[in-house]
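Next come two complexes built around subunit A: one with subunit B, the other with subunit C.
Up next is the complex of A and B:
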């Protein structure tokens, strides 16, 4: 009989403890797997979110990428200059303002109003209706896209008219409302789950602000693929040294350094703790189990089964417990990740599409490697114990005992 | 004089006459006083009494000479614990003199926020509504967070969920160990039952044993947590150069841990021994 066969028989013989050990390893393993997913999940999700917009460079007027941005002087001219750069493929101007939305004289609702030059698609998914048309193709002065949740709350469908009043931050304002026609109900990629957003054209936003020309507070730039974002960033910095220019990689690096640090640390600490925990418990289980079976092992040795084979049997026993639990941990960890992700996504202000736990094969590989090492380490002491086992003395003690 | 330029956050406080001794008044003959955060003072290698240039621009233009009146430890902020706290506090008139455009008389009105302490904190809601109605455009927010918009309430739920999973995993392991232990004592239990000791007595003994193991385990866990508390805090405080306390083992946490461990230990002890106690005596001798 092979070592695996012997190990399997031992496991079957003590099936209650084996099942409990596998369950324990599976639960701890699920936690480890989740921590591995968490260690990069938010970063991967954030990178995915940024790249989904189709733009790889962000230009703002102040340092960092703060929540409150300042308008960029002469942004329309800047857009024209950027389009003239050979490194640049596309440019979009964006301005965000606080506003109220009112339908049929009902109670107004605070909204985030996004003005954009991007038409025919953007960082949103159409649920109902159509995209913002290009300025020249519509006779309406103000067309808008409305977030699904807000549309449901206000009873807005494509074709409904919504009165928008801009309320610029920090300024006493009595700007009149402008009537905007909703053309589409959308899910905004960057909007928080609890945020009510609407998007309109920059021209409509200028009208709402009562300005001849409204400066953008964010400029999105798509670099030419052949050139790459780094070269485009350098070209833009040469063009306007007073502005802050960030590639997606810069933003992600900044996020990794600041916003993501807590989750990276906690995943590292919990991964280390769970593995230590799993190692200690499996090693204890195996050691106690071996101590209980010393007579049996001595008898096997007396029958001529070599030390190496006994050691191999114990390694297989450890592998069956840890391996079985480790494999079960993957689907269990997936389910647990959904629950934990649901909890963490209740954080205020998070974009709806951002996730903390994102599946990646690297996490699966690391999980399996770590479990393999744990199985080997947990079996080390019992193997050492059986290798030093005095056969005759043990058998005598078993018989006399 | 600071040899190299450092970018710092300037926070101006209008402290009023009574509190003006914290930093020198701008009207005194010597340069106005500023308070520097410990981190900024260390980075700039300045100490109390040094006269330095504080400038709006990195090249030193639009600057003024100030005297370091004191060095302070910034109030730990869990929302910003990864940020470098390079900060300086100065009187609002001094900040106005530093940053405001002298050609624009309105430029000296530069307070970006006003903190208001209400007589009754419960009036925050009505006060905010009234102020918003009287001063359109002003954003009024209470400084205390509600449970719904507090990210730490979410983190708390996350930690509780992880703890619950860990407890379930640990219970499975404890049960496995108790099963092994019960199996080891199969013959002993058989003999005890054979000489007439009741199942109830044996069950009580097993329950007490499980309880004792759980109590000892929980107390050991609390001791380990308390012993490693300062280590964890030390590592993270050094890593982020902050006075923020990351881990605190409170009495309520210790009591909660023990309260959770006791019934689990009890249940594991009884659950593992129950198959041996409920069966026929002869079956314990494998007959």
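Up next is the complex of A and C:
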């Protein structure tokens, strides 16, 4: 019989203890797995969110940062210059303003108004109606997309007219409202769950702002796949050294260093703690088990069974308990992650599509490697105990005992 | 031709109050095919001598020669190999692995010795018949009586055809009648040419040996 076979029989012999150990390790393992998912999940989700827009480069004015932005002077001309670059495939201008939306004289609601040159699609998904048409295909001066929650609150359906009044930040203004016709009800990818947003064309936004030409505060650029974002960023920086140009990777790296570092540190500490518990649980069980079997083990040694064989049996016993619990921990951790993710996503201000726990194979691999190491570490003391077991003394003690 | 020989062995056990001599200057020789019984009061050093002869312990002074090899100069791996291939151990408390059947317990030392599966099966069947337990092959130790467990333990000890069978109070946990059955098995083992060294309080078992040795206070007295 192999060492694994002996370990399996031994585990079966102490069935209740083995089941309890596996359950304990599974619960601890589920927490570890969730910590591993959490350590990268938000970052992966954020990266996924950024790439979902279809643009891999963001340009902002030198005074701003990607979150707090100021308009870029001459952005229309900038867009034309960018399109002329061989590294660039597509360019979209964006401007975000605060506004109020009102329907049929009802109480106005504060909204985030997004002006974009992107038509026929964007960082949103259509729930009802259609996308913004291209400027040339519509006679309406202001068409808009409205967030589902806001549409429900205002009773807006595709075809409804909404009065939008822009309220530029930090400026006392009394800009007149413009009437916009809703063409679609959407879910905005970047909007927070509690945020009311509408999107319209840059031309409509200019009208709302009462300007001849409104400058964008964000320019999205898609690089040509054959070139890549890094080369496109360099080309844009050469063209306009006065602007700040970030690839999606740059943005993610910045968030990784700043905003997400806390999650990583917390998950590291909690992972270390959970694995310490798993180690202590299995090491204690194996040590107790070995102490109960000292007579058996001494007898086996007296019969000529090698230390290596007995050590191997204990390692397998540890691997069975930790491995069983570790594997069970994966689905358990997955379910727990879904529940925790649901709770965390209730936090205000988070984009609806952002997740804290995101499945990735790296987490699974790390989970399995860490569990393998824990199994080996947990077996180390019992193995050492048996390796230095004095055979004669133990046999004598067993008989006297 | 000696299978094992203890030459003037002394075994001291360190204690807080000072070392205690479990054996003092003891010499004993067991020849091939010989059946030796050691008797004496509890704590006289019988088991200590058995452990030295069985290569599971080392004397503080003196020599143990197993088949003319000085055990003291052998590595633990070499001593382990001698125990596996040349010595069979029978314990008072049987020490069968409780999760293995009788057959599997007997196969274990053979597997450790590298015997082929078919040879193991044949040898195990032969041994189970030898100890009269062919019909109990697939029973766990918990399903066997004390006498049956000890007979399985004897079969396990004989699995690799040892030159010496050492037994420490093999009837100590058994009633008189069951002890007789175990003693009968020892007689057969002896008749088949295997040397036996048995430590026992049981006069009936000791009486069956070809040579009886008595110990007192760590020394041989007769």
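Note that in this section the second predicted complex is superposed on the first by the 389 of 401 C-alpha atoms of A that agree within 3 Å, B and C clash if a C-alpha of one lies under 4 Å from a C-alpha of the other, contacts with A are read in each partner's own complex, and residues count from 1 in each chain.
Keep this in mind: a residue touches a chain if its C-beta (ideal position, glycine included) is under 8 Å from a C-beta of that chain, and two chains touch if they have at least 3 such contacts.
The model shown is predicted, which means the values in this text are computed figures rather than measured ones.
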Applying the touch criterion given at the start, work out whether A:140 contacts subunit B, subunit C, both or neither, answering first, second, both or neither. neither
Considering only touches as defined above, state whether A:270 meets subunit B (first), subunit C (second), both or neither. first
After superposition on the shared chain, which partner residues are touched by A:168: those of subunit B (first), subunit C (second), both, or neither? first
Partner chain(s) touched by A:344 [first = subunit B, second = subunit C, both, neither]: first
Can A:391 be said to touch subunit B (first), subunit C (second), both, or neither? second
With the two complexes superposed on chain A, say which partner A:73 touches: subunit B (first), subunit C (second), both, or neither. neither
Return the chain, subunit B or subunit C, that is in touch with more residues of subunit A. B
Could you tell me if A:336 is touching subunit B, subunit C, both of them or neither one (first, second, both, neither)? first
Pick one for A:110: touches subunit B only (first), subunit C only (second), both, or neither. neither
Could you give the residue numbers on subunit A that contact subunit B in one complex and subunit C in the other? none
Which subunit B residues qualify as touching subunit A in the complex? 81-83, 135-139, 148-151, 154, 157-158, 161-162, 165-166, 168-170, 172-173, 175-177, 179-181, 183-184, 236, 240
Of subunit A, residues touching subunit B in the complex: 14, 16-17, 20-21, 23-24, 27-28, 30-31, 167-174, 257-259, 261-262, 265, 270, 274, 277, 281, 284-285, 288-289, 292, 336, 339-340, 343-344, 346-348
For the subunit C and subunit A complex, residues of the former touching the latter: 47-48, 51, 54, 56-57, 76-77, 80-85, 87-89, 91-93, 95, 97-100, 104, 107-109, 111-113, 156-157, 160, 168-169
Residues of subunit A that touch subunit C when the two form their complex: 1, 6, 9-10, 12-13, 295-296, 298-307, 309, 390-393, 395-396, 398-399
